[in-house]
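One chain, subunit A, links the two complexes that follow: it is found with subunit B in the first and with subunit C in the second.
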Partner chain A sequence: MDAVEKANADRQKRWAKDQKIGEGTYAVVYRGRELATGRKVAIKKIKVGQFKDGLDMSAIREVKYLRELKHQNVIELLDVFSSKKNLNLVLEFLDTDLELVIRDRSLVFLPADIKSWMAMTFRGLEFCHRNFILHRDLKPNNLLIAANGHLKLADFGLARDFADPGYKMTCQVITRWYRPPELLFGCRYYSTAVDIWSVGCIFAELMLRIPYLPGESDMDQLKTIFRALGTPTEEDWPGHTKLPDYVPVGQFQKTPFRDLFSAASPECLNLLSKCLIYEPRRRISAREALYHPYFTSHPHPTHPSKLPKPADKTSATLPLEELDGNAEPNGNGPGVKANPPNKLKRKLSSDELSGGGRSIARKLDFTQQRQTVQ
Partner chain B sequence: MAAGQPSHANAEASSSKHSIYEASTQYRHWRFSPEQLVDTRASLNAAAVSVIRDAFEADEARSSTTVSFLDANEESLLVKLYVGKVSQLCGHFRFPEEVEATAMSYLKRFYLKNTVMDWHPKNVMLTALFLATKTTNNPIPVDTYASHIPKTQPSDVLDLEFLVAQSLGFDFAVWHAHRALWGMSLDIQVLPELTREEVHRVYQIALNHVRASRLTDAELIFTPAQIALACLSLASPHLAVSWTRLKLAEDADMLLSAIQPIKDMVVAHGSSPDVEAVRDVDRRLKLCKNPEKVMGSRAYMKKQQEAERRADEKRKRKAAEVRRAMEEGDPFGSELARDGAMDDDDDDD
Partner chain C sequence: MSRPPSGNWLRGTVIRKGGSSVGNTRTSTPQIQSTSSTVFGGGVKDASGRVSEYSSMDDTCPVCKSDRYLNPKLRLLVSACYHKMCESCIDRLFTLGPAPCPICGKILRKLAFTPQTFEDLGVEKEVAIRRRIAKEFNKRREDFADLHSYNDYLEMVEDITFNLINDIDIPDTEARIAAYRRENAALIELNVQREEQYQKYLKEQEEAERQEREQIALELRRLEEEEREERAKERREIIDKLETSDKDAAKLVARSRADALRRAHARSSSSTVANARLQRSRTAQSAVVADVPHVPLQDDWYTYEDKFVLRDDYDDPASEAVRRDRDGIMRAGGYRVEEAWERALRSAVAGLEIMPLQGLSNEDSAHPNG
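Take a look at the complex of A and B:
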């Protein structure tokens, strides 16, 4: 046996797959453990043979970035090995995700809980940005939560390094409800600010317990944003009318945050508003956000171990959520009673099923890259 | 952990522990001393020769006595030739410099884990480059890629992809000296004594030295910034000093003396190898390559058959287990992963 094969076989022997917990278009996920320690892990087996162009881009991105990123608020890639023509990613096992937490209507959030989740999100994101990496798919179900309550950024299948000035990037990234207006206007040069917008949307969702800006199409997404935040003026966002896909979508007045988020503190609304500034260059950075008074004012953030989380019984099937967006572990399962009053149910929304959602964004992403990046 | 208490100190803590570069896989897995490099290659070569000798013997007794195997230096020479060929190919495709530099790093790293007597660099090079287009986010369809390369099928490229990725330990991210040099060129623009044209001229010369450095082991020994500074110093010793003083007042001299070995290395080894010498190596390689890797050879067939036999055995064993479980009345088999080993991998492909 070659040395390389042998090293691979040795690595493979460290892990055991226990149970298949889900299957998506591009991966099968197993619950497993480290044999030496019994530590629980998730093993994501990526089927390689079926791709015409060899190793698939989202697998490559995920491996590339997770190999480099080690941080308490980023999911840890413990090992990579191959078995026959499959690529196996050994990931730390995480119990649940923020979407399931938000949807679980039996859970009550305190302002301090939201502050804790936000702090961990910003900390993980700051680390990515400090490493010159854009996540490009932040949303509640990509924020996973460990048994000890720690929140971790996951799913780096759409991530990329910062482009050099003058190099185009695709604007077909980020799940629609969390996508910033510059991408909806077709902007091909963008920055860390795109991730910050997504965090702003998540921040609002934590307070509202329903998605803050649930557009039904890309066009409707802009309208939804403007209805909530007011149509931007040239002063708010210089030059936005010159963006490639700019279309006027009507004049709307901003709904004051105070009306919608009546219980929030002034610092809280100040940080939220800075995440949702139209002009990307004025939007707050992850690093600045960590220094924002919101995090140092009372109440102090809840300790992660004390954060609300869904009841235990669901945990066996949850990692699917992170590991493959196409997987439907147990249908309505834990979310049934959590259907938001406005009937917006993310999993079964037209967004996910008929093609506006993440899987499509990913598909588009590849073709776009090919046409544009070179 | 203090995750619930964001504080300035905490945000600082993770950054002060390590520089970003020190946390990279490049720093952690692909950094050697010159001695380690020599040792690694020598022991890899010795192990390969011994394995291949056995393969020859197994095929036909005493057939290995007449074979003259390549030594580690000869292997390196051949690899170097193909590292250089990556540039030509990239010029043809008009790939960005990052693709080229990454593919070259991959090729060098690959041969710290493999021998040319198993895998010829002319094949590995094509796969390393194709993989680099993807890992640097410049993907092109494999059909297009292969159609631009004479006598190459998509399968030639893809068949080795897994082996290459595995040999790289799936460490796809590479930090490059040309990026560091670009940063330095931006820095030196603020120096008062320089015109724009002067900066540009020096940068171009230094960049050519960086490109030459890719034919050496520099990136396996030094950091990208060290290599960039050495190349800047080759282009303009005076500017390298100014830049260093600008950046670190006290330690400037230490750093400047530390880059001398890199300058020597780039000057001594930064050009393509003598083609005649390589041709001789390549000629001998035809005779000493691992017969088990030569498709269609007797040794290859034998190895394939052995692999098939083992797979067949495993299938039978599994079937027997299922049967036994059925008889015992549990249609789902006995408890999962009893022996813990993960050999049940074909359950769903």
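Take a look at the complex of A and C:
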């Protein structure tokens, strides 16, 4: 036991923890750096104490799968160590995420930009699927963007490997707006196609700049999907009426993609429609998607370093609200836009200095039991 | 250049289009001008792509002698032989097909008439000829070994142009042009493409600038809005404070003013800094890196051959459930037992080629609960 503790201490010494930058349901994220090189990292401290039966499931999943995956478009887990009662994951530090980019109205996307992000998403996802890992929580704010513009899949808290035959999987995964219909119908046996649906939704969101299928509840989500893509027939999707939670939600006509995405190229719509096919087996796979003509047609994907990025908030000088207390409560610095309200999910964004992010963190401190920070 | 008009154009054999005015009589209003006014294209375009047309108050059609007084809508067009005539004359003379020019006798077609841009038709002609020449004689300095040969080439181009403009040795000059075209077909094509690319580049540049301007304008509007709100708030504040506190009114007002000034200052400086940075980064980046073509799989995983072949079926008791799935629940969810088989096989053979490690590293200490 002593040797293990010593090894752990050695590891711990390599990293320094700086200020807190975000807090999620089961973890606190700190900005940190590698002492030897000064390289910026994010340290995710898993709260262990509050779970009776050991570690939180998502922490285990995250460690389990990130240890195996190393790819340009997947977040890198650099190290794992424990401090006192907590488990710490040392992750690559990434500046921002795709959601912030989409919400930032001051940014203009070119078709080539969208193509570049999609290519990187599919590359990362293909790598996961190739290694038999389902991500199961793809959405814009889990697609983090590095300083050099590279997009990386992150948050493997819901990931799992492919099930053995006859082994049930839970259908309560994937954020609702990005959840495929087979999961909404309670299907317990599914495959990589669930991630592709999410990517399709993200693809549409990149073009629309608003969520494509924003359902208000699980029921409403199905309605929203059918309203957009038409109610599936037995021909479109054989066997879907036999799924455990199947309920008829009414007949809707498909709205042609062309009407909604009027500026998109034909290849682009073709790929989008293949990502959003009802029958999971016919849905395009990540690998097929990479060979889709959309990616090879003109224009070329934008070079990652040229992709639009939200303005750097950390360097903007703080407004003088701390001098007199009567500044508006949500006083972000001038030029700072689109700070998504109460995102409780972990986010490695650089908004630690903006008032919005901080007030949320403070609020949460009261509800969560305090951990000893060392 | 301009012979006196002969009488034969007045023969009454041509069929008039309905409504086209003859012009030498005062017809009753309204006059319908040519029905073909939209057909006449060409002319010299200005920077914005519009064709500016020359017209003057003393325009007179040399053919029918109609003028602006008789026909306020008189529009003169220029023929390929650089003679002017009015639209109604053109309609009258050339509707039935190619016909001789009433002034010089050259065979003309209706579609070959263009709007006049310059007052002097000599200039009009020169511009047209130079444009035609530039399309084919488009070699650049880079295409020549030395400056001397480039100058010779320019000299030759100028000679040809001069001959065409002044109608000297036309057949000979045309032959020279044709010979040049034959010899340099590939180069001409190449230079045309280069030119197109340059135009495209310019257009993109323009577009980028326009977007930038829009963004700045937007930012400015936002700032203005903010400032207005700020001022309104400030006024309210002062009034509130004056109401609630019993301090000296003048002092309170002065302090609030100072605060506001400081706030405004901070705001403006920070936003301009951010703005400048944003612009700089966008423009600097776009100049340096080129976009990359998509490479489907950027690693070498698939360069290895699989050491196994997946069979259609296996004697696998664990997948009984899938096979017994009569309702197709698993199928409807997209589950494939083949994937599980593939995974098992791949895991089984994946390490076959890797040499055993020499000595163990202490990697296993990563287990958190160890």
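By definition in this document, the second predicted complex is superposed on the first by the 311 of 374 C-alpha atoms of A that agree within 3 Å, B and C clash if a C-alpha of one lies under 4 Å from a C-alpha of the other, contacts with A are read in each partner's own complex, and residues count from 1 in each chain.
In the analysis below, a residue touches a chain if its C-beta (ideal position, glycine included) is under 8 Å from a C-beta of that chain, and two chains touch if they have at least 3 such contacts.
Not measured: the values here are computed from a predicted model.
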> First (subunit B), second (subunit C), both or neither: which does A:L143 touch?
Replying inline: neither
>> A:K84 in the overlay: touching subunit B, subunit C, both, or neither? Say first, second, both or neither.
In response: first
> Which partner does A:Y189 contact after superposing on A: first (subunit B), second (subunit C), both, neither?
Replying inline: second
>> Just checking: does A:R123 make contact with subunit B only, subunit C only, both, or neither of them? Give me first, second, both or neither.
In response: both
> With the two structures laid over each other on chain A, which partner does A:A42 touch: subunit B (first), subunit C (second), both, or neither?
Replying inline: neither
> If you stack the two complexes on chain A, which partner ends up touching A:L290: first (subunit B), second (subunit C), both, or neither?
Replying inline: both
> Of the two partner chains, subunit B (first) and subunit C (second), which one does A:I75 touch, if any: first, second, both, or neither?
Replying inline: neither
> Where does A:C268 make contact in the superposed view: on subunit B (first), on subunit C (second), on both, or on neither?
Replying inline: neither
> Which of the two partners, first being subunit B and second being subunit C, lies in contact with A:K242: first, second, both, or neither?
Replying inline: second
>> Show me the subunit A residues, by the header's touch rule, that subunit B contacts in one structure and subunit C contacts in the other.
In response: 3-4, 7-8, 54-55, 63, 67, 71-72, 80, 82, 87, 119, 123, 126-127, 130, 161, 287, 290-291, 295-296, 300-303, 306
> Where on subunit B does subunit A make contact in their complex?
Replying inline: 1, 3-8, 10-11, 14-15, 20, 23-25, 44, 47, 94-96, 113-114, 118, 130-131, 134-135, 137-142, 157-158, 161-163, 165-167, 169-173, 336-337, 340-342, 344-349
> Which of the residues in subunit A end up touching subunit C in this complex?
Replying inline: 1, 3-4, 7-8, 11, 54-55, 63, 67, 71-72, 79-82, 87, 106, 108, 112, 115, 119, 123, 126-127, 130, 132, 161-166, 182, 187-194, 237-240, 242-244, 279-281, 283, 287, 290-291, 295-296, 299-303, 305-306, 308, 311-312, 315-317, 319-320, 323-324, 326, 333-335
>> Under the definition above, what is the set of subunit C residues touching subunit A in their complex?
In response: 211, 215, 218-219, 223, 226, 237, 259, 262-263, 266-267, 269-271, 273-275, 277-278, 282, 285-286, 289-294, 296-299, 301, 316, 318-322, 327-337, 339-340, 343, 362, 365-366, 368-370
>> Which stretch or stretches of subunit A touch subunit B in the complex?
In response: 2-5, 7-8, 12-13, 15-20, 23, 28, 32, 35, 45, 47-49, 52-55, 57, 60-61, 63-65, 67-68, 70-73, 80, 82-87, 116, 119-120, 122-123, 126-127, 130-131, 149-151, 160-161, 287, 290-291, 295-296, 300-304, 306, 366, 369-370, 373-374
